[in-house]
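As structure tokens, here come the structures.
In what follows, subunit A forms one complex with subunit B and a second complex with subunit C.
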Partner chain A sequence: MAFDDYKADYLLVMRAEHGSVAPAFISKGEEIGDVRFDIPYQLITVLSRIYPQIPKGKIAVVVRKCDELALNELFKRGIIDGKRIFKIGLACDENIIDKCRCPDPVPSKVDIGEPKKGVAEDATVTRLRKMSPDERLKFWVRQFRKCNKCFGCTITCPVCFCENQCVLGERTLVAEKSIPPGLAFHLVRSFHMADKCIECGECERACPAEIPLLTFRKMVHADMKELYGFTPGDEKTVSPLLTTLEGEPLEDEKNVC
Partner chain B sequence: MTEFNPTILAFCCNWCSYAGADLAGVSRLQMPPNVHVIRVMCSASVKPEYVFKALSEGIDGVLVLGCHIGDCHYLTGNHRTAKRFPLAQKILNDVGIDERRLKLDWVSAAEGEKFQTVITEFVSQIKQLGPNPLREVKF
Partner chain C sequence: MSVKHVLTTCPYCGCGCNFFLQVVDNKLVGIVPDKTDEIGQGKLCIKGYNAHVFVQHPDRLTHPLIREGSQMRKATWDGALDKIVSEIKRIVAKHGPDSVAVFASAKCTNEENYLMQKLARAAIGTNNIDHCARLCHASTVAGLVYSFGSGAMTNSIPEFENANCLLVTGSNTLETHPMIGARMLHAIYSGAKAIVVDPRETPLSRVAHMSLHQKPGTDIAWINGIARVIIEENLYDKEFVETKTAQFEGFKKVVSSYTPEKVEEISGIPKDKLIEAARLYANSDRAMIAYAMGITQHSNGTETVKSLANLALLTGHIGKESTGVNPLRGQNNVQGACDAGSLPNFYPGYQGVAAAEMKAKFEKAWGRTLSDKVGLPMTVALQLAAEGKLKALISFGENPMMSDADITHVEEAFKHLEFFAAADIFHTETTKFADVLLPAACYAEKDGTFTNTDRKVRRVRKAVDAPGEAWPDWKIACELGKRFGAPGFDFKSPAEIMDEFASVAPIYAGISFDRLEKEVLTWPCTAKDQPGSRILHVGGFKIGRGQFALSQHAPPAEETSEEYPLILSTGRNLFQYHTGTMTRKSPKLEREAPEPYVEINSGDAKALGISEGDRVRVTTRRGSIAPMARVTERISKGVLFIPFHYAEAAANMLTNPALDATAKIPEYKVCAAKVEKA
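Entry: the complex of A and B
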């Protein structure tokens, strides 16, 4: 990889150094080092944290398909300027696709890796949909009981960006010293992410209690598709939760003086 | 065998459904006493957080009542409620809570009788569904 290939001033990749692989933000002129493409990690979260401190210059970042969708969600909301980001498309390989149960692992432009086929459906989702509601509730209560409110899922999520005003910090919703934090925490989080979640699976990988968060996200994703025909990550469409019944933008969301 | 007495919350918007509830009261219409009415300024101000927290802590049913479409005091408030409501029901279904424990309806300020009907039907529906299984679950 060379900087001149991408006409960028910065490069955001996963790099191996000192015996482990971690995100690296490399400026032009610095040595690039040993870049790795086989360890999945949410570089868009890293980008959104660094971006406010980089006032100018183009940033090239390695994106998988899910990362590309996350970038679209951030572009739509004006959090990151699309003209400053250069995407290096990475096609995931089979074990990553299997771990994420990914249905669509090929980005719009593939620069690295061979495009592979996605997985048709998640086995846990199918099993859960067949269960009766009581059994399903028992399953989820048993899983969510393991939660120790580390907020790992929130911190690594690329589209979870209401940083200082997050409602999950309100003591009226999530009581102090409440570990586990109750089912409401997870239901509220799923609702708020419903029109933004791009199913990268980072929440599930970050969870120290190994709760199948990605499975729940996939169920909500299917609901969004069924109810509104909406899939997050689309470049143009506004979330259906932000429009009137006729699909018009809401009164106060229009820039009317 | 004691009969199950459900606990139900009803979020009523100040301008239409709460006035409708008042009218039902003034007209001395009989309704089951299990419903606790909470007045909010608009049905859109009922955040999904309130509904999810209520159901997770063991409330048996939640009613959200607003103005009819086109009559919202804040013009598009009930549009927002109508748009976000099906998603809340689906998420409850995904987790395993019966989605019929959550209901949205429109009651205007002159519809005291409709308020009575909505309350009576919802209470009997919840009685049929039984107590919220999350009541016994200690989180």
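Entry: the complex of A and C
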């Protein structure tokens, strides 16, 4: 791996350090070191904390397919300038594909790794779909009661970018007193991420309580697709939740009311 | 432009999670959990995710300050250090070295604690060295050393996941050790049976198999009750008891009177539940006990710890994978501060100061004549200061004006000191009494190691420069030591200090910074070619046999009365940490728990006409504060709980300074109180 390959001023990768694997943001001229691809750090989240501090220069970053989608969400909102990013495509290995129950693991351009097939379904999603609404609620209550309010699901999320205006800090929505927080905590977050989440699964990996948050996301996703024909991660399409209603046709209205 | 991800260890609780500090040009911008860390596994709690926020706060101390009348004036390092040394020397000349005490800190590194105790012992000439372990697990160190020969967790943190029975008492694990709590959740959701015994319902007890609520101060009763059931029903490990333990017959006799009926009367735990819990614990083959302040912070804390250890001796639930007795240490480096010898009775590595051969060993190592007189525990030192018998104090980062019991009395101690020097990262409730105040570097600004609660020695790495002229505490200790004229304070780096520590403390003998770059080391680590022991007491006890203790229930030092009908207990919550010096300067933590509060049972509240959110007055024989009422079903009737994080309504204005006879730990968990609408 060399800077010249990417014509970049900075390189964001993972590498072996102190017996661990670390995210590494390397400036041109610095030693690149022992680059690793086996530990799934969410480099887009890592990038988004650093990016505001780096006013210029081109950044080459290792991206999985989901990271590409996350970048698209950030590009179209103007949070990161796409012209400054050079993507180094990483095809995920079977182990990670399996853990993410990922249907679409191959980036648009593969620079590292061998393209592998995606997984057709999330077994928990299938199981939950077959449950009655009551059973399903019980399943999620049993999961969410483990929540210890670390906010890891928001802090590590690549497309969670409201920072100090996070709705989860609103007392009217999420009371501060209780651990676990009420269901509102998860539902508010779920709604807020509905048109951004690109199913990278970082929330689930970051959850100390092992709540199957990716499964939760996948179910919301299916609804978004069914209701609006919309899937996040597209560089151009604006979220249907953000469109105004001014231009909507009204012909059907009299029939409904 | 320089961007770094610096691997370091969390400065909050004893879990010791590793994370990367994200630094852009000396500015901290975020935290990324280390996915390859076996403790955190790429996860953190809310405090961990916010551990960078206080570091570059504008209120950090940046210059040495010297008192001039009621004012603190900026000073040079030379001026401040010379002042400390000349004042201490003057007081030593007049009153002897034992009129001086040094408080080390469980927030500081192992290397710093090693030097702080060396400063007290080799430079000043006193064993009056102690730190806040006195206030948390002093009774564990005393109790488990008696029972097993070692006062630390017998297992490692990951082992909680594979236990099939968890007996958790006096530990609100999910709030106070979140990443250990997460392991327990994993075990519970995988089918393990958890028994939580606590006067309050906790986030963990609400998902546990059994949640029992004892009356505060009755722990020995229910623990002996469990032991009696196990013996009566022949569920104990006879072979283990016979070959590995001592004093069984005496123990059997003591617990024989703790019938389930009697235990129910004393503790309020229903007898059927007690029997069920006893059977569950005894019959599980991977049973782990975990406990914390609810067991230790009593005027009979040492005996309570021993009684818990008795259960493991009785069932042979010790010395095996996912099987043992685990005191969850509170501070990031409280284990390490004890290991490094910041205790009045132990040199580094738990080598007794009263033993002639140990004294000789350290006199040779340090080139100074040492005192063989056991020093003063922190709590006793402050009492003597209030009486004018202790004259001078150097404190590194301690905040007794918030953390010690009966603050009004603690204030007397600080007012009476002839000379008080403090080093800290912020102004605190305690530093306002300082004659000299030194600005210290915090964890993100220095190198070193912390030893977490499961005895892993973990690296702390410098990520950013300290503010202004602040120094790391190890450098402060070195400069003080040199100025006292003592040899052996000429260290250039924490790595060198660790080398000396390892050379004098056999349990750290195999540990060095070079090795820590490549591998995880756990003490006891006695040789350079072994990684140390994750599980203690495998195959037996180093002291020969595990000692059963003949612990008897005794009422707390202060019982309820007509005037003070409620029991007040104190502790902490998930979002704040101890005296709040760091967390209350972290907006996202402060947002979650911004106000002092008292938890009160809804029945009690109703009887007193108190509603949720009311300002109330809580009063004990020592003082009175006005927190907000949190009315809840989740605390036993007759019990109040107040977290001790809030200076504006400091819980320790109320607490009872009664001390455990052996460990000198105060009884934070029980005192008599009344509450009324403010």
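By our rule, the second predicted complex is superposed on the first by the 243 of 257 C-alpha atoms of A that agree within 3 Å, B and C clash if a C-alpha of one lies under 4 Å from a C-alpha of the other, contacts with A are read in each partner's own complex, and residues count from 1 in each chain.
Here, contacts are C-beta pairs under 8 Å (C-beta built on N, C-alpha and C of every residue); 3 or more make two chains touch, one makes a residue touch a chain.
Here the structure is a predicted model, which means the values were calculated and not measured.
With the C-alpha superposition on subunit A as described, subunit C and subunit B fit side by side in the combined arrangement. After overlaying the two complexes on the shared chain, residue contacts for A:135 are found with subunit B alone; subunit C is out of touch.
Of the two partner chains, subunit B is the only one touched by A:240; subunit C is not.
When the two complexes are overlaid on their common chain A, residue A:180 makes contact with subunit B and with subunit C alike. Contacts of A:162 after superposition on the shared chain: neither subunit B nor subunit C is touched. In the superposed pair of complexes, A:190 makes contact with subunit B only, with no contact to subunit C. Once the two complexes are laid over each other on the shared chain, residue contacts for A:151 go to subunit C alone; subunit B is not touched.
Contact with subunit C, but none with subunit B, is seen for A:207 once the two complexes are overlaid on the shared chain.
By the touch criterion defined above, A:53 lies against subunit C but remains apart from subunit B after alignment on the C-alpha atoms of chain A. With chain A fitted onto itself, subunit B and subunit C come no nearer than 9 Å, counting C-alpha atoms only.
Once both structures are placed on chain A, subunit A residues 145, 180 are touched by subunit B and, in the other complex, by subunit C. Residues 10, 17-27, 39-41, 45-46, 49-50, 53-54, 57, 145-146, 148-152, 155-156, 169, 176-177, 179-180, 205-210 of subunit A are the ones touching subunit C in the complex.
Residue ranges of subunit B in contact with subunit A, taken from their complex: 47-49, 52-53, 55-57, 69, 75-76, 79-80, 82-84, 86-88, 90-98, 133-134, 137, 139. The part of subunit C that touches subunit A in the complex is made up of residues 1-5, 7, 18, 20, 22, 24-25, 27, 29-30, 32-37, 42-46, 48-49, 174-175, 178-179, 181-182, 185-186, 189, 203, 206-207, 459, 517-520, 574, 588, 591-594, 630. The part of subunit A that touches subunit B in the complex is made up of residues 128, 131, 133-141, 145, 167, 173, 178, 180-184, 187-188, 190-191, 194, 216, 219-220, 223-224, 226-227, 240-241, 243-245, 250-251.
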